[in-house]
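Since the structure comes first, as structure tokens, the remarks are kept for the end.
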């Protein structure tokens, strides 16, 4: 049952590719159909991203842990659930998958493959949005890991759907997603110049959430129950 | 596994803060995008609040019981599942968290931090709405506690989503939420002068539901099964 | 744990009342907000009804079996899961609850309490719609009872949401709901003159589905597993 | 508990008929109500199809395996979970059911029963869409079979909802559905001349996904756990 490193990296790459197809592809579709109706476009885009995340985590959690997100991989690195070498490879696989997903979306919808985002996303309000969005994502993961592990796919999908609406930045909360969305100029684009601050906020919030989690949800100690839970999901403790 | 009082109060405060961010933040976003399309705005706002509640209860139920609501804490106080001192501290943590969530929403969206609601919400129809909304919320909690405890997060989230649409008051059903929403003048605002009647209706409905629950769902006696269930969720019996 | 007849009838009445509040109340709210946007109105109304059903069945299934519907009670009568006297009382409780729910919706939204529906719903296409809608509802219940009993609340709620859209009659599928909706002249109304044909179609489809179910899903025999399942949900075998 | 071949074929036919009623019926309703609002129409259509799939798989998985799709049956044939004779009968039942569902939808909505689609769906982008859509569907099924078998109904329903938006072809991903939708000229139509390329893409993607699955998710070997899982769902291993 133990997955090989190659399988785990393939899981991260394929999963993150589909995540970006869900984000960018549904954005193109939604904007095309919604016309001036900006609320309908975001309603479609946000529900699709949430639903896709539920499915992708259901599928790939037993394969790779279903991080799909360097901020999540960083958090598990800080908790020593993954080693530094594997964490680096995970992040590389996530970025390769994310960019591939953007290219595939462009190809499907007859868009130029190579694009550069021109949508400005900047300012302290949006960075606060990314801080809150990413802190909440990590709290969702850590909170469910402590109590309702089986609900993680649903919790993460519902959280991201909600956070797209309740944060001013529309919840990127993922450095690989941020990089990849700088390579599209469709509905979900971000200017490359705005990406580094987003990524910094995401990484900072992930670190803070990881440090705060033991107080809120209890220490991720190697208790018997934890060990058993890890047994069921070997990738998380890998390294 | 037993959580300390500090952890439980932190759970109530952080959870209620995120609940208000979901309510107020998504309201600002929805109104901004929907323009004249009032149905689309409420559809976004209501689905986001329901989804956020599911996630927050999944995360914080094992920590603090995930009340986030003085009317719920009152109900558990009446059932002696929580003591009067802890109940008072819970309510304080909920109000502090709720107001903080409103401030954070304002900061994210570049709004003035301090606001006073000017949306009139009054009249017998709306108070009947709050009575029905809050009675239904407590019935949802007590009914699931008696039979489908694991489904509580989903049941409460789906209930609040639905009740936002089927009650004339758009289902506040929560005194801490009512107080906090008097401190915003955005989509989800309420005038401070209208808040006391809402809160009175919420508290009255919670008390009636708590008295009616044993007839509808059976007494919350200390049977073996109940004891075991409480073991799994220690915060509820705390105090 | 065995519920008394009074508890079970209260469960049917209260549950059906809330079901009608969800249907009629959200219809008034949706039509009021959506203006000319008929798709947005039905999207809100249908998702609310589906969500409310999930919650109501989660809560009341362990109390009364959560029929809320004379066609469902008829089906369980045909399967001898409920006796004729209790079935008659169930239907009475459902109708009383349904009408009360309509009155409560009118009171909340400042509408005249007593109304008569003027929305024409007639013709062979719509009756075929009711036949398909009700057959599908019973198939959902019997199919899940045979295999995925715990999923019934979710299956029924999702089914009704979908059938509101995929049937030409917008899926009444419930004689108590049909009677009650003849007593409102808001979004979800039906003319009293159109109600009998709807009810006839619903009852006929329920009977056909009950006869067809053993072939499709296996006989509801008193096997060990069935007995155990019934133990967990005593109301269904009551009478 | 073992189902007869007749029961299994009836399950495939009835299930696929309801699937097409959900697709075509809700498409007619949505287009009729949404007017120019194309995003609202697809939002209704896609959520209804996803919800209906969840329900249909919950009901019919224990009966026939709930394929409803020749591409899925092909995949299980390649894995030797179903024999060639039964696979052929499954596909026939799916097509008969699908076409019946289209006719029933037309009858309900007062449309001419026999129609030919005139909606052009062609080009490399859309075929890439079908490849991605069908690959993802099979990955969802195989991934959940390996780890979260009970979640398959929810995963497939959520996946199809999402893929309708994130693929340029609006995710047919099913040869029986493609054939049947060539026999309607309503919202969800496809020109018969465009159908063969769609079907070819669907079949090719299903084959590729089946070959790739053992690498991503582990071999479907006859381990003790697999045997037990099959015990719980006998139809899949039938032949």
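Read from first to last, the chains carry the letters A, B, C and D; within each, the first residue is number 1.
Note that contacts are C-beta pairs under 8 Å (C-beta built on N, C-alpha and C of every residue); 3 or more make two chains touch, one makes a residue touch a chain.
Everything quoted here is computed from the prediction, not taken from an experiment.
Following the contact convention of this document, no chain is adjacent to both subunit C and subunit D.
Homomeric contact subunit A/subunit B is classed as different-residue, with under half of its interface positions used by both copies. Between subunit B and subunit C, the centres computed from C-alpha atoms are 28 Å apart.
Distance between subunit A and subunit C, defined via averaged C-alpha coordinates, is recorded as 40 Å. In subunit A, 37, 40, 43, 47 are the positions where the chain touches two or more neighbouring chains simultaneously. Taken pair by pair, the chains that touch are A-B, A-D, B-C, C-D. Residues of subunit C touching subunit D in their complex: 37-40, 42-43, 47, 50, 123, 125-126, 128-129, 132, 136, 139-140, 143-144, 146-148, 151, 154-155, 158-159, 161-162, 165-169, 215-218. Only residues 1, 3, 7, 10-11, 14, 18, 21-22, 25-26, 29-30, 33-35, 37, 40-41, 43-45, 47-49, 51-52, 54-55, 58-63, 104-105, 107-110, 153, 157 of subunit A touch subunit D when the two sit together in their complex.
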